[in-house]
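When the chains are written out, they are named A, B, C, D and E in that same order, and each has its own residue count from 1.
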Amino acid sequence: MITSHLRRPDGTLVSPVSEEAMRQALASGEGLLWIDLEAASEAEASILSDVFQFHHLAIEDCFNTHVDPAKIDDYGDYLFLIAQAISSVDGGERLETTELDLYLGRNYVVSFHSQPLPFVQEIRLRCEKNGLDMARGADFLAHSLLDQLVDDFQPIVEQLDEQLEHVEEQVLAEPHASFLEEILLLKRNVQRLRRTLIPQRDMVNRIARGEFPKLVREESYLYFRDIYDHVVRVAELVESVRDLADGVLNSYLSAINNRMNEVMKTLSVVASILLPLTFIASIYGMNFQHMPELTWRYGYFLALAAMLAVALGLAMFFRLRRWF
Amino acid sequence: MITSHLRRPDGTLVSPVSEEAMRQALASGEGLLWIDLEAASEAEASILSDVFQFHHLAIEDCFNTHVDPAKIDDYGDYLFLIAQAISSVDGGERLETTELDLYLGRNYVVSFHSQPLPFVQEIRLRCEKNGLDMARGADFLAHSLLDQLVDDFQPIVEQLDEQLEHVEEQVLAEPHASFLEEILLLKRNVQRLRRTLIPQRDMVNRIARGEFPKLVREESYLYFRDIYDHVVRVAELVESVRDLADGVLNSYLSAINNRMNEVMKTLSVVASILLPLTFIASIYGMNFQHMPELTWRYGYFLALAAMLAVALGLAMFFRLRRWF
Amino acid sequence: MITSHLRRPDGTLVSPVSEEAMRQALASGEGLLWIDLEAASEAEASILSDVFQFHHLAIEDCFNTHVDPAKIDDYGDYLFLIAQAISSVDGGERLETTELDLYLGRNYVVSFHSQPLPFVQEIRLRCEKNGLDMARGADFLAHSLLDQLVDDFQPIVEQLDEQLEHVEEQVLAEPHASFLEEILLLKRNVQRLRRTLIPQRDMVNRIARGEFPKLVREESYLYFRDIYDHVVRVAELVESVRDLADGVLNSYLSAINNRMNEVMKTLSVVASILLPLTFIASIYGMNFQHMPELTWRYGYFLALAAMLAVALGLAMFFRLRRWF
Amino acid sequence: MITSHLRRPDGTLVSPVSEEAMRQALASGEGLLWIDLEAASEAEASILSDVFQFHHLAIEDCFNTHVDPAKIDDYGDYLFLIAQAISSVDGGERLETTELDLYLGRNYVVSFHSQPLPFVQEIRLRCEKNGLDMARGADFLAHSLLDQLVDDFQPIVEQLDEQLEHVEEQVLAEPHASFLEEILLLKRNVQRLRRTLIPQRDMVNRIARGEFPKLVREESYLYFRDIYDHVVRVAELVESVRDLADGVLNSYLSAINNRMNEVMKTLSVVASILLPLTFIASIYGMNFQHMPELTWRYGYFLALAAMLAVALGLAMFFRLRRWF
Amino acid sequence: MITSHLRRPDGTLVSPVSEEAMRQALASGEGLLWIDLEAASEAEASILSDVFQFHHLAIEDCFNTHVDPAKIDDYGDYLFLIAQAISSVDGGERLETTELDLYLGRNYVVSFHSQPLPFVQEIRLRCEKNGLDMARGADFLAHSLLDQLVDDFQPIVEQLDEQLEHVEEQVLAEPHASFLEEILLLKRNVQRLRRTLIPQRDMVNRIARGEFPKLVREESYLYFRDIYDHVVRVAELVESVRDLADGVLNSYLSAINNRMNEVMKTLSVVASILLPLTFIASIYGMNFQHMPELTWRYGYFLALAAMLAVALGLAMFFRLRRWF
């Protein structure tokens, strides 16, 4: 699906834009053209090569189905950017990345994504309403898209953080074997977020540092620097979530271990007390003909008393060693 | 709440400063103006844009509620700094960071924080008393604020160190499951401190290296270098606390394990000695009609003697293997 | 085995190429010559020194039997590259690397490998069909070879990923000691892949950055940058597989541990309940002459009831502590 | 306590030096002045500001009681260095660092330390004897001080190494819980040494690289490079001690574990053999009226034989599984 | 022991060389002089200072008994290199490093080592036979020495690799406590190799990059680059051996753990089955006067049947849970 907008030099907005008008805008270098390709068919995407005449390597990067780490390539007349948007699916259980490809020219932005991206839709509406995002040039429009994309990371990390804190509480209340899988899954998600963020940060930093003066104006550097700060902040959050995950894993393993210790200690105390008692009883269960104690009047009660004494002695011994 | 001070070129101090006087000071570039906004309402904060005409990105960074890592942005006529002050709450159990935002111009400093910061109050009093901090220029005033902010880290790290040493002593005396949570919490606090410090260090280093010659004079580099040294020293302390935390965690886990070993060894010794004895007793508890030993005159005593021999033999065996 | 192709300036393709024609092509600097040496004997390889007059160090690197990390050496008139192709043997159990050595001159490419490489064969066929790979110059031909070589990594990493996910499922269903070896083997394979990739990435990056302008034309940089992106993507995948491997290892160890805990808990519960019961029974198995309970009419049933009470009490106690 | 030496241009040595003579030497720039302040009172230290007019930040760094990481500050006319000397106290149990502060001017060295340092004393004696260290200029004297300071690290690291090897031997002979604390303490000491060394290395490297050509002459670079090599060698040693410490920790944990395994195996074997035997005995201890075996002539001996058979069978089974 | 060779400009080889001839060669700068000092006495080594007039710091580095990390120092007229040769003693159990010090001048090489080095001997013989190594200049001779030194690492690493694989096989067949020490020793050796290699690599790289154009000719860079490649390859091998060592350690720990689990499971199954049986038997071993079952005709057999039923039931339960 193609959506196209053209902001004419006089400030009026045209949508959709005919191929003819696109070529004209490209030729004149005036106005601002924004083409958004969402889950575009190869036929629809043909304007990438036909109208815009982008390099076939940049076009192939749009169509391959791999998850490409974020990058930025300078093709002279235009920049080609790959960014990864993130969204949580299945109620936050799984993280999904959607690739957003951007071609940034002097007076045009072409965005390409195989899945619908809510924030692109939002910016489109904003443009149609007041045209502000498009009034400030192609680099500012690209900035708006990347800014929104990066902003989506914050709530996801915060959600991971909350999930982990929730798991931690439950783990401390009652360590269950099922938590391990959840903790490991959360840890893996955190790792993945981290690896998605790092190249994104570097890409934005390259723009903010002014590496592409031909296509990004100096007055826009601050805006990209702002995105950079956001990525850094999110990365910082991710690190602290990772610490939390390690802590929860430690708590879990230790809780499991504590419970095991408790079980073993109980067994040890019970066995260590009862084995001697049973031994005493079994002595007087022997059938020797000559066992003087058996004929004593209070033999039985003496035996019981002896057992009680042994039991109490052992219990005190264990108590002293703080085994229970 | 806004507090404003103006040190006139003649050395007199005016407070509060009217908006009119502010504009005049900014226009003339003479004297030194210090505006402190504490938990300011948006209305109060409007002077940031109206009077000082700061960039809206820098203003937004003050008002967002995220924890921003320390940074420094060069806006040409002024620098925008974010620093993180630290304080311990709940009797040292929890660390809290408060963001201090600074705008440093040629003859003004604007400080912005959402929470009251004791050291800002202190510097304010010092200024009012002798005006020394304000007599040496805007960069020196900014240095004073950052210096105090960094100085607050030292006691916090030392407190963490003491807490850990206290926990360690208790762990070695008696390892209790409850310590684990405390150790993990302390470790997390240490990690957090570390991550708060690193960008702070880099920010101060950039100033000390003379990256902003327009707004920070060469004679002030040494002072920022001094702050840098403090941050490095605190970071060094944090590392050693982290080592300590790892050591305490190891001690704890090992102490728990030792106790478990002791319990298991006792059980093993008791069971290994008593099971054979009980077995011997149960043999003579059998009801076979033809059991010669049962009729022996000293059968019973021989049986007891045999048991004693077995018990002593086993005890010696275990002793030899140093099991108890 | 030597295969040789010469694309004449007029676009015709000659194969095989006589030594005479090779020398002529080298002397004239026209056309494009591709010599592929597969498991070449020293005699066959003599053209390296005789015809092409490569440096003996570069030739020795082809013939040594060690696994050389990827590298690129600039000999002025030609570049010498070592790359490592990968293939999985024994049904994916073992990874095997095959060294591909490339000499890249202005109008020739000499490829050398001790094992047949399917992708070299494929490019050869492609050249013979339409000559496209050879029509665009020596650097493009070298790019084609490296591109295919790198593309072979992706399916291997994906296969490792699948194997790990398969193992993980099985581990969660039933942790078997045999899995450990498999997990450790997979981990080692991942490590090895990683170490094979990193120097490859650096080598390609050096070309893409334009370090060798004499032999790689500027218009080819993009193509090498494309390979670079692929290597980065694969390396990213490898990292995530490594995380997965660590997770599976953790799951395995934890599952083993859980099973052990379950066994120990069952033993503890059984022993802790039955030892007291047996003790009671053994009391009334004593042969004292004066044991009042023995003569009671319902003594036996009272004893059984007492046992039942003890058993239920203990069971409830363990239940409360959630031991089963 | 102040010690002062002045080597006059004619080679004669004066000690102590009057404040008047100091000022003269500073003004003329001739001769070499060495002032050593050991545990100096503020009154004594006043010459730092009065005579030498050092920057108050550098003076404050001398008097603060924190452990400052090694650093070097360039104040134009003089360098200010902080180095950390090390010594072991309590028979090698504890490492203590003493700060040595150096001011290095064109023709003077001022050393400041709060504790007596044996090597400073030694160099002083050497100077008084033959004056060689002072004959070669201020930078060479500073080099001598730092060289001796660094040389003190080597025996300390070697001592740690020996202690660890001693502990390792004991651990392998008999793992005792008390070793853990010792190993962890040694590990912590190693970490600390490492963190003390790294900034020291960087500081010396900056001088050796010629960053301070105004105060350190080119012919002295080699000498500082020599100190640098020593620090690198010691750092290398520290790394290998750290490996050793990790190895000993592993040995210890594994030895503890092995012992536990041995205990558990013995218990398991004893219990697994004796429980069946006791069960057989208890069968024939039942009081049923109709138990044919009880009346058999050789019933008792058959029962004993059965027990023996079971015991031997189980023992063989365990032997086969190599449990003992 | 001093060995000296002089290759005269006319290609003839003189050995030994008189001190007079040495001085002449140094003065003329013609021919190539190679002096090898093996375990030289201080008297023999006096030519270092007397004839060659090397800097005393460089000479001291030869005589100190510490293990110096590899380095290269530029003394203007000559380079001073320290390299570490490796050899395995005690049948491969222990690795020993021997320091090789090289002075590389324009037309001389002085090698110094405290232990005999086989490869130095070998190169000496080669020189005497055909003089090739000496025919190509001082830098090439130094290259030959370093090349051989580095080549000795490969078989050592391969031997470590084989030892580890051997240990791994044995560990999987039967984990014995004694293996741990061996694995830890191998790991430590690997670490040490790694730390010996890294500075060596950096040293060679500095030469190969052309940092010393005065003493190493451009045509020799390739040869040093070749050594560099070898070091990188060996370092790569070392990394993979380290992975293997970690894997073997994991296998060992896991095998020990598995065995323990097996032992505990057997104990648990035996105890859990026999305790209930013994309990049943002990019930009917009680001496109550009124126990109806005792008088039943088939009481005994019913009891035995009950026991069998309980045993089978429990065995099935454990089987179901896959405990054996």
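Operating definition for what follows: contacts are C-beta pairs under 8 Å (C-beta built on N, C-alpha and C of every residue); 3 or more make two chains touch, one makes a residue touch a chain.
In this text, all values refer to a predicted model and were calculated from it rather than measured experimentally.
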For chain D and chain E, which third chains touch each of them? none
Rotation, 0 to 180 degrees and nearest 5, that superposes chain B on copy chain C via CA atoms: 145
So what's the Cα centroid distance for chain A and chain B, whole Å? 25
The distance between the C-alpha centres of chain C and chain D, rounded to whole Å, is 41
Set of chain E residues in contact with two or more other chains: 264, 267, 271, 275, 278, 282, 285-287, 291
Linking chains that touch, what shape results: line, ring, star, complete or other? ring
Running round the ring (origin chain D, first step to chain E), the chains in order: D, E, C, A, B
Could you list, by residue number, the parts of chain C that touch chain E in their complex? 55, 57, 61, 66-69, 71, 73, 75, 174, 177, 180-181, 184, 187-188, 191-192, 195, 253, 256, 259-260, 262-264, 266-267, 270-271, 274-275, 277-278, 281-282, 284-287, 291, 293-300, 303-304
Applying the document's contact rule, which stretches of chain A touch chain B when the two form their complex? 154, 172, 222-223, 225-226, 229, 232-233, 236, 239-240, 243-244, 247, 250-251, 254, 257-258, 261, 264-265, 267-268, 271-272, 275-276, 278-279, 282-283, 285-291, 321-323
